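Next up is a structure, given as structure tokens.
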Amino acid sequence: MKKLINEPDRVVKDALEGVAAAHPELRVDVENQVVYRADSPVSGKVALVSGGGAGHEPLHAGFVGPGMLDAACPGEVFTSPVPDQMLAATKAVEGGAGVVHIVKNYTGDVMNFQLAAEMAADDGAKVESVLVNDDVAVEDSLYTAGRRGTGATLCIEKIAGALAERGGDLGSVASVARKVNERSRSFGIALTACTTPSAGTPTFDLPDDEIELGIGIHGEPGRKRVKITSAAELTKIAAQAIFDDYPFDKGDKALVMVNGMGGTPLIELYVVFNEVAKILAERGAEVERALVGDYVTSLDMAGCSITLCKLDQELTELWDAPVKTPALRWGS
Amino acid sequence: MGLIAAARKGAIVDAAFVREWIAKVSQSMQEQREYLTQLDAAIGDADHGVNMNRGFSAVMEKLGGVESEDPGEILTVVGSTLISKVGGAAGPLYGSAFRQAGKALGDGSELDPSRLLVALRAGLEAMQKLGAAQVGDKTIVDAFVPALDAWQKELDAGGSPGSITTRAREAAEEGMRSTVPLQARKGRASYLGPRSVGHQDPGATSTALIFAALERVAGSS
Amino acid sequence: MKKLINEPDRVVKDALEGVAAAHPELRVDVENQVVYRADSPVSGKVALVSGGGAGHEPLHAGFVGPGMLDAACPGEVFTSPVPDQMLAATKAVEGGAGVVHIVKNYTGDVMNFQLAAEMAADDGAKVESVLVNDDVAVEDSLYTAGRRGTGATLCIEKIAGALAERGGDLGSVASVARKVNERSRSFGIALTACTTPSAGTPTFDLPDDEIELGIGIHGEPGRKRVKITSAAELTKIAAQAIFDDYPFDKGDKALVMVNGMGGTPLIELYVVFNEVAKILAERGAEVERALVGDYVTSLDMAGCSITLCKLDQELTELWDAPVKTPALRWGS
Amino acid sequence: MGLIAAARKGAIVDAAFVREWIAKVSQSMQEQREYLTQLDAAIGDADHGVNMNRGFSAVMEKLGGVESEDPGEILTVVGSTLISKVGGAAGPLYGSAFRQAGKALGDGSELDPSRLLVALRAGLEAMQKLGAAQVGDKTIVDAFVPALDAWQKELDAGGSPGSITTRAREAAEEGMRSTVPLQARKGRASYLGPRSVGHQDPGATSTALIFAALERVAGSS
């Protein structure tokens, strides 16, 4: 394993110190692993708290700031944070209008956020939890833990964050978040596994000519292993998996996110974006907004995920609203 | 003082016993760190060993500063420390189990195998309430449930604390092995669908280690 | 080789089509491989044109937009563009105030830009060429082609672009660009080689426990091969190489850029940033501005480069000025 | 019609000859694409073969649409096409060389080895003016210069066009091999410093291929 780190057990804290040094507009509690926007709590504003295992950077800490999250709680690499973190964050950002927890649907995240929400409620905080589960690679059934939360997390944090910044109340912020989740679908492809600092070896073996379809963001293998083929073919497979569950047709306006898993160069992501745009055009749907880059990653995994969110006027306006975070910034 | 020795003077499990048990668990989580992580790499995200080891090291540190002579209080501390330090799925699950077990013991500095069983049942219940897993879902539960059933059976048969914990450990390991052919329905492994078949569940494995540690304490004297 | 592409020979054009589909605020001439800001030529404004081999994305196309470049000319992967591209770009963006060519110091780039500048001059265009050569890993001497242009390119394009947007004339835009170059130094480290689509195999072999110090951005090996060590040690080596040439001491204000080469996850870049911040603090220098992420890349190479630019008030103001490009955006 | 045949009726090099030469160069760049790229991978950026092949394929396409019977005009087209299509270092260097050589030939549909030499010298000069490389810098120049010197020598010795181009090719290959022990002072390879020693220069190699192609045309009839 070759990584730019000191000790595996220090990675998250060292990185958080780096975040603190690079971003004076954030307040970082390195010890408890919570990243706050410096001006929190913002009184009268609904606060957004998210969190999850580290290794998905810039998610979530890179999305803390005006117009998006009030606090992010990174756990150890690929390990959900502990309730103490979310409890501390919830108390610290509570501005009197309540707190929304944005929780990616993983057993660990769900349970740790649940315990935190219970404790916070005991302390009298108003908490609404929003579950993100956009990954169509997992069938949502009795036989799985349900769909995973992946790329849509960014869309939800951005759009709900915008509404909160505009003064939306707890109920409406939570419901616009759920609305984005309902209108978003993702599918991921891995060309390689990734290597966690503590494990030190790739999370799975993948022959030189094979790839994993339907991967998550924790280095877990996907649903199916196939021979590598062209970007056009792979994009067709991903898009079809999305359309089978949630079609985009004539007149539909899509927020298209082609997200790198961490080890894939940007030039390839644009090649994939081009294929997505062609496929949507064939169906008469439009690329209304676009995001191309590494946003919800899986350490050094090579590959990408495609997220399609069906926009309406409300969502488009909130997407376009100003945001000022380390990883997403416009309009300010 | 081991359970056997305790048994002679009325099968008393005391604080020292619980501390010894947890110390042995912590030791074996450290020894099996890589192994558990490799199991998790196959069907999960390659961190279970790291998580358990981080958690129980924190527990040992914490217990060092706890004076209590009350076994129940000690188990409660173990549980809340796991909740606060482990994260992932295993943290809240094992954490709630130990904490609830501790609470169920109530206070009093001594207890016997039957009262310990009641406490562990309460712990298992808390875990299932939080995680909603049943036997056959390829989780911790697949090792935990049979272990307690075997415990009950040997207890009813009038077995010694040593034999009780041996049966429990054997049943836990059998439950652990029984997860190999299963398709996971809970946790990360469930994302793999049929591809989760053929791999041993990491959590069921760590549970077997916990009962093995208990047997070693009970066996010693 | 596993890549998200169609055919190796199509990568650049496919990606450019993706850029066009994702960024309506850009105008893309896919055939001639030139990316323009949609509103160019901006009359009365000094225009900035840059270019170089592809494979360094987001450099340069990702930096086209108000406050930065007017046009970018990507060549084939790791191959300098041809004079025809820069000539076409120069003519198309010329707004009456002259054009600045920002040229990274590589033999190919220099010669192709030179031929283009000569042709443009023949057609009566006023062109000023600015050479970027910030890489301290190369000794600038009779025995080399001179220092390479790497991370400082971004700083130069941002700051000179800001001055041009403010109405600076040709001479002052060119001279502020040269000033940034003189005050910037970079050093790069590779943990792995990269694989070009056309070659299909890594550009060099690197054992599992060794890294290359002083690499460029074209997959060429570095000056020295060493065993991998901690991020702290590696950062010391890179920083020392910079300080030996251009010290940062008490009171100096630095723009610190920790740049990923493409295959390294963001969490590691923050670990490195933390080490740079500590080293600067020890010397009494300050982190005045920070940039952490993949900006000047080398395809899928794992590793990073550190760029330090010594800011003064003029440069800081121009750095903070609004910029609106796909890869760098703030204040608008 | 080959140079030998041409030689018989007064050593005439015509448009057909130049087209044949360039066609053979293009063919060998295609055949040696991987080889040149591998050489460039060792001390450069692994694209020289790709660049040269892309350039000469474009040249062949371009020449298909050029009627001219004027060898000089053809070489000029070759040069400007390379400049427009290759990029990198090799594009402007080879491009300027061929273009200048073409211009130097001036018009007229026929020429002999001595006039061709004068043209190639003009091309070499243009290349050195642009790239400022001297013999020993581990570049194209290390093969180009000795090739023309050998050409001159054999010409003075009254050698046949066939023997002239053979000597030139031999000298180019010798120059190519001579780059192996050199430390590069120009181009990308110079960044490696001492580490560039021990590798054959890709550009010197492609130059040797160009002279080899010339020999094959001159040798045929």
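Per-chain residue numbering starts at 1, and chain names A, B, C and D are given in the order in which the chains are listed.
Basically, a residue touches a chain if its C-beta (ideal position, glycine included) is under 8 Å from a C-beta of that chain, and two chains touch if they have at least 3 such contacts.
What you see is a predicted model; the values in this text were computed from it and never measured.
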Subject >> Chain connectivity with subunit A absent, coordinates unchanged >> reply: B | C, D
**OP:** Using mean C-alpha positions as chain centres, tell me how far subunit A is from subunit C in Å, no decimals.
**Re:** 28
Original post:
Counting in whole Å, what is the centre-to-centre distance of subunit C and subunit D, each centre being its mean C-alpha position?
Top reply: 33
**OP:** Provide the C-alpha centroid distance between subunit A and subunit D, rounded to the nearest whole angstrom.
**Re:** 55
Original post:
Between subunit B and subunit D, what's the gap in Å when you average each chain's C-alpha atoms?
Top reply: 77
Subject >> Multi-chain contact sites of subunit C, meaning residues that touch two or more partners >> reply: 77
Original post:
What are the residue numbers in subunit B that touch two or more other chains?
Top reply: none
Original post:
In graph terms, with chains as vertices and touches as edges, which category applies: line, ring, star, complete, or other?
Top reply: line
Original post:
Which two-chain combinations touch?
Top reply: A-B, A-C, C-D
Subject >> Touching residues on subunit B, where the partner in the complex is subunit A >> reply: 37, 41-47, 50-51, 54, 83-93, 130-131, 183, 185-188, 190-193, 195
Original post:
Once bound in the complex, which stretches of subunit C touch subunit D?
Top reply: 53, 75-84, 106-108, 111-112, 114-115, 137-139, 142-145, 148, 196, 198-199, 201, 203-204, 216, 218-221, 223
Subject >> Residue ranges of subunit C in contact with subunit A within the complex >> reply: 2-7, 11-12, 14-19, 21-23, 54-55, 57-58, 62, 77, 189, 191-192, 208-209, 211, 228, 230-232, 234, 256, 262-274, 277, 287, 290, 292, 294, 297, 299-300, 302-304, 324, 326, 329-332
